[in-house]
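Below you'll find the structures, each written out as structure tokens.
Two complexes are shown next, each including chain A; its partner changes from chain B in the first to chain C in the second.
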Partner chain A sequence: MNILEVKQLKTYFFTRRGIVKAVDDVSFDLQKGEVLCLVGESGSGKTVSALSILGLIDLPGRIMGGEVIFDGKDLRQYTPRQLRNIRGKRIAMIFQDPKESLNPVFTIGVQIMEPMKIHLKLSDKETKEKATSLLERVGIPKERFFSYPHELSGGMNQRAMIAMALACDPEILIADEPTSALDVTTQALFLEVLMDLKKERGMSMIFITHDLGIVAEIADRVVVMYAGRVMEKAEVTQIFENPRHPYTIGLLNSLPNFTKKKKLMPIPGQIPSLIDLRGCVFHTRCRFAKEICAKVILQEATVDEGHLSACLFHDSQEIVKASKEVGV
Partner chain B sequence: MFKLSRKLIFVTIIAVIIATIAIDFFAMSGKLLSPLGYFYAFFSVFMLLYVVYPLYKNRRLTSYYWERTRKNRLAMLGLFFIVFLVILAIAGPFFTQDPNHVNFEEKNLPPVGFTTSQSVYDSQTGSLRNAEISGTWKHPLGMDDKGRDILAMLVSGARVSLQVGLVATFIALIIGVIIGVSSAYFGGMVDNILMRFTDIMMTFPFFLLLVFIVFIFGADLTLIILIIGMTGWTGAARIVRSEALSLRTREFVLASRALGASDARIIFRHLIPNVMGTLIVIATLSIPGVILAEAALSFIGLGDPTVASWGRILNAGQDNLETTWWVAVEPGIMLFLTVLSFNFLGDGLRDAFDPMSEL
Partner chain C sequence: MPGKKASMGEYIARRLFYSLIIAWGILTITFILLRLAPGSPADNYLANIAASGRARDIAQVQAAIDARYGLDKPLYLQYADYISNLLHGNLGWSLSTSLPVSELLSKHWIYSFELIFLSTVFAVLIGVSIGIYSAVKQRTKADYAVTVFSFMGISIPNFWLGIMLILIFSVKLGLFKTYYDTSLPLFSLENLKAMTLPVITLGSGMLAGYSRYVRSAALDNLRKDFVRTARAKGLPERTVILKHVFRNAMLPVITIIMLDMSGVVFGGAYLTEIIFGIPGLGRISFNAIFADDYAVVVAVTLIGAVVTLIFNLLADIAYTYLDPRVRYV
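Coming up: the complex of A and B.
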């Protein structure tokens, strides 16, 4: 059952140098109880997609088209007030830098109570009890209720952020690279807490990351994004075993692989300027690019059931062969 | 428990004050309290609920800043003098003589320890004769040319100066913060309009406006305070705006929006508490300016004639600087010390609140 559907979302930024199509024709859906990973390098439009879902795009950015269907209704038709009632209560979001995402002048306890004060009509005592139990649930001793963010480690702050986001029992949690600012051991603890809570509450989750290791660990389905477009969408096993887009293949090849002792193969070049893109957005860096790639934009083509690729040649022998060679 | 009901308490007290004003105005024709008295009531309620209580509640943060401020000796000296001045202003008038009491017998009496020769009217011979007059402990700071006790005038002047300084700065800061923060937060058109309005207010000759208003409505301390406050917010608005601009792009603002906070909530719960440090510094640094403005106004004779302001005593003493110098010098010293104290304290607080400074 789809709990959230994003259809042909277009978010453009109107800058002096031109229109930046940060998110262009992005569609994906989130099923109840699953973890959907948005993967891609920096600037590929993952964060903007997430912010667009919640209607948090500020000028000069604007959502130019598409639908975000939640609960059978298009969130884009909601008034700002209705949207505020969704945010934090039914769809919550956590961000990359835990220190930056917490207000430096309030104790974390106060900040965990904040969303409950906004959305739930509870007595002060109940709010405080709930905040304390949440704090303990994410593995922070309750004496830390009166600590300021600067007195806690990055990992603790990030877990406090989860407590804040989960304060009102949201149905969907959007996590925007929550592990990027943490070191590896802290990451593991954080992910454990997060996944436990997800299971406990039957939440659905959109997890944004560029770390394919984490994707392999937690994802049910994966959306690979590049330059504001969806490159490939599939079940997580399909992405790792049978990638059918040159970009996904490139990403997987640039991962270190200890079993096959292969040289790392980085994707040459960098993400193009998002102004004035023609043809397939990836053709400038694609090693399989043909002439036609510079002219034609392919909407997603079906590879298999539930496996979509935006490559014209996703079925060509070259790509199938490259896909076999990846093998993670 | 107190936390949620704080707003309620505030609103209730404000309602009570407004009701009292209404009763006072309609039923008792303004006899209960002066307008300034009401202002003070409002001011102290606000300070208690939104400054003292949070400071008390966040004791650790408060003591952290206190420790940092304490290291600055000049700031502590300034604070010491300010506390002394506040006590003087509150309690002093109960112990000194009536500052408006005129006693021609003892006019031009010098301060203790000084002796001057003056021509004195001798009631026995009925003629003027030269006499040596020494200061007495009854009037330790001497008398002015109308025989008023200068100590008493200085003490009641301290009250005036502090009233002007605190209340006018308070008004200015409230306007400045609201304009500065909303300008930064909403950006775009709102920012443009508010900042151009600030520019206009900045270029407006404030002194001319004051002279004009005093000319039309007469010199009244409340009016003067209101005008100083309502024209003096421009600097604060700009500083607060620049601070809030950088705060606005911080992720915690986005994070609280993502958790469903409204614009008003972000402004009052997230932005304003974060500019509080700057605000305290702006306040202490702008109080001396305001005190000087009132003194200057009184000095040129546009002050409220019913109150013994330091500026007015200065003005009275300036004609006879050669003979009765103490009349002008004493309020001058008080003004000097007060302004210096606030500046020292402000500097100390600025260093304490500046995370970059190493103390």
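Coming up: the complex of A and C.
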């Protein structure tokens, strides 16, 4: 069952140099209880897509089109007040850099209680009790209730962020690269806490990351994004075993592989400027690109049930062969 | 945080000790400089006697005055006397007004206090509000209007503004008296009205400055990640701005306000008092300087120094309470 459906979302930034199409025609859906990973390199539009869901786009950015269907209704038609009642209450979000994402002048206790005070009608005592038990649940000693963000480690701050996000028992949690600022050991602990809580509460989750290792570990389904567009969507096993978009193949080939002793194969070039794109957004870096790729945009083609690719040649022998050679 | 409270008293004590040394230094320098300048407190008196024609032996009169007030003693002895008197709570004798300095001060300080207090409240309330407002409305007409207004406020010297205000509102329109009426009771609406022009004169520069500081501090903070977090929590925009942004934006501004209380205010308040004829400390020290009335000048300078030092200390203490990341050492 779909709990959230993003349809043809367009979020553009109106800059002096032109219109940056940070998110262009992006569609995906989130099933109840699943973990959907948005994957792609920096600047691919993952974060902007997530922020657009909650209407958190600041000028010069604007959502120019599309629908965000949650609970049968389009969030884009909501008034700011209605949208605020969704934010933090039914759809919560945590961010990349926990230290920067918490307000330095308030204690974490205050910040955890804040969404509860707005959204839930609890007494002060109940609010505080709930906040303390949440803190303990994410593995932070309750004395830390009165600590300021600068007095906690990055991992603790990020767990405090989860406690804050879960304060009102949201149905959906959007996690925007929550582990990028953490070191590897802290990452593992953090992911464990996060996944436990997700299971415990039957939440659905959108997890944004560029770390394919994490994707393999936690994702049910994956959306691969590049230059503001969706390149490939599939179940996680399909993405790793049968990728059908040159970009996905490139991403997987750029991962180190210790069993096959293969050389790393980075994707040459950089993400293009998002201002004046023509044809397939990936054609400038694609090793399979044909002339037609510079002219035609393919929205999406079905590879298999539930497996979509935006590559014109997703079924070509070349790509199927390259797909088989990816060793993960 | 254990330890924070424990060392607070110690920190304040240490700072007060340093402040005392600085105040003593300022006192000493003022004391010496005044006596190095040409002229003597007796000059006025002697000039009066000479003019009245009752001229006896001027030199004899001068000698009598010098002896009476210890001005004939060597400088270091005068200084020692002054310090010893000061330690006994005696600020000396004002020759030009024939009053003890302490009595003179106790009669006049309230006018300065009133002017400075009202101006600061006026400048902080309005300056901070329009600063936040123009940050939120960045690059709109309202923001540009505030910016133009602020630069005018910063650029216009306040003595000129005072004279213009008197000219327009008192002389031409007749809305206010041209001078400050000391007969009004201190806590009355009439007195508040009488203070309007002086407060605008003294406060507008500060107001304009604060609106700029607050605007830029608020803009800095509006871009921070925690603002996005606050919005993602579903907080109303008002809470995001007035709680999350405001608290952070005020951190640098608090220090500026505290320092203004002593610096700009003491300087500007003197001029404002003189323009509007408010009999505050500025006015009496102005008179005292021209009368070579050493004791009054030293005392007012000392008060200025002490107030400055106290507000410096208060600024630092306030900062540690407002910003949990800051610790005193």
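In this text, the second predicted complex is superposed on the first by the 328 of 328 C-alpha atoms of A that agree within 3 Å, B and C clash if a C-alpha of one lies under 4 Å from a C-alpha of the other, contacts with A are read in each partner's own complex, and residues count from 1 in each chain.
In the analysis below, contacts are C-beta pairs under 8 Å (C-beta built on N, C-alpha and C of every residue); 3 or more make two chains touch, one makes a residue touch a chain.
Note that the coordinates shown come from a computational prediction; the quantities given were computed from them, not determined experimentally.
Novice: Looking at the overlay on chain A, is there a clash between chain B and chain C, or do the two fit?
Specialist: Partners clash after overlay.
Novice: Pick one for A:L102: touches chain B only (first), chain C only (second), both, or neither.
Specialist: Both partners, chain B and chain C.
Novice: Does chain B (first) or chain C (second) touch A:M1, or do both, or does neither?
Specialist: neither
Novice: Kindly classify A:V184 by the partners it touches after superposition: chain B alone (first), chain C alone (second), both, or neither?
Specialist: neither
Novice: Check the residue A:D124 against both partner chains and state whether it touches chain B (first), chain C (second), both, or neither.
Specialist: first
Novice: Can A:H150 be said to touch chain B (first), chain C (second), both, or neither?
Specialist: A:H150 sits against chain C, while chain B stays out of touch.
Novice: Just one of 40-48, 76-84 or 130-138 in chain B hits chain C in the overlay; which is it?
Specialist: Stretch clashing with the third chain: 76-84.
Novice: Output the chain A positions appearing in both contact lists, the one against chain B and the one against chain C.
Specialist: 54, 56, 84-89, 92-93, 95-97, 100-106, 114-115, 118-119, 148, 161, 164
Novice: In the complex, go through chain A and note every residue touching chain C.
Specialist: Within the complex, chain A touches chain C at residues 51, 54, 56, 80, 84-89, 92-93, 95-97, 100-107, 114-115, 118-119, 148, 150-151, 161, 164.
Novice: Would you mind writing out the residues of chain C in touch with chain A in their complex?
Specialist: Of all residues in chain C, those touching chain A are 1, 224-226, 228-237, 239, 244, 247-248, 251, 322-325.
Novice: Can you list the residues on chain B that touch chain A in the complex?
Specialist: It comes out as residues 1, 3-4, 61, 187-188, 250-252, 254-262, 265, 269-270, 273-274, 276.
Novice: In their complex, what parts of chain A are in touch with chain B?
Specialist: 54, 56, 59, 84-89, 92-97, 100-106, 114-115, 118-119, 124, 148, 161, 164-165
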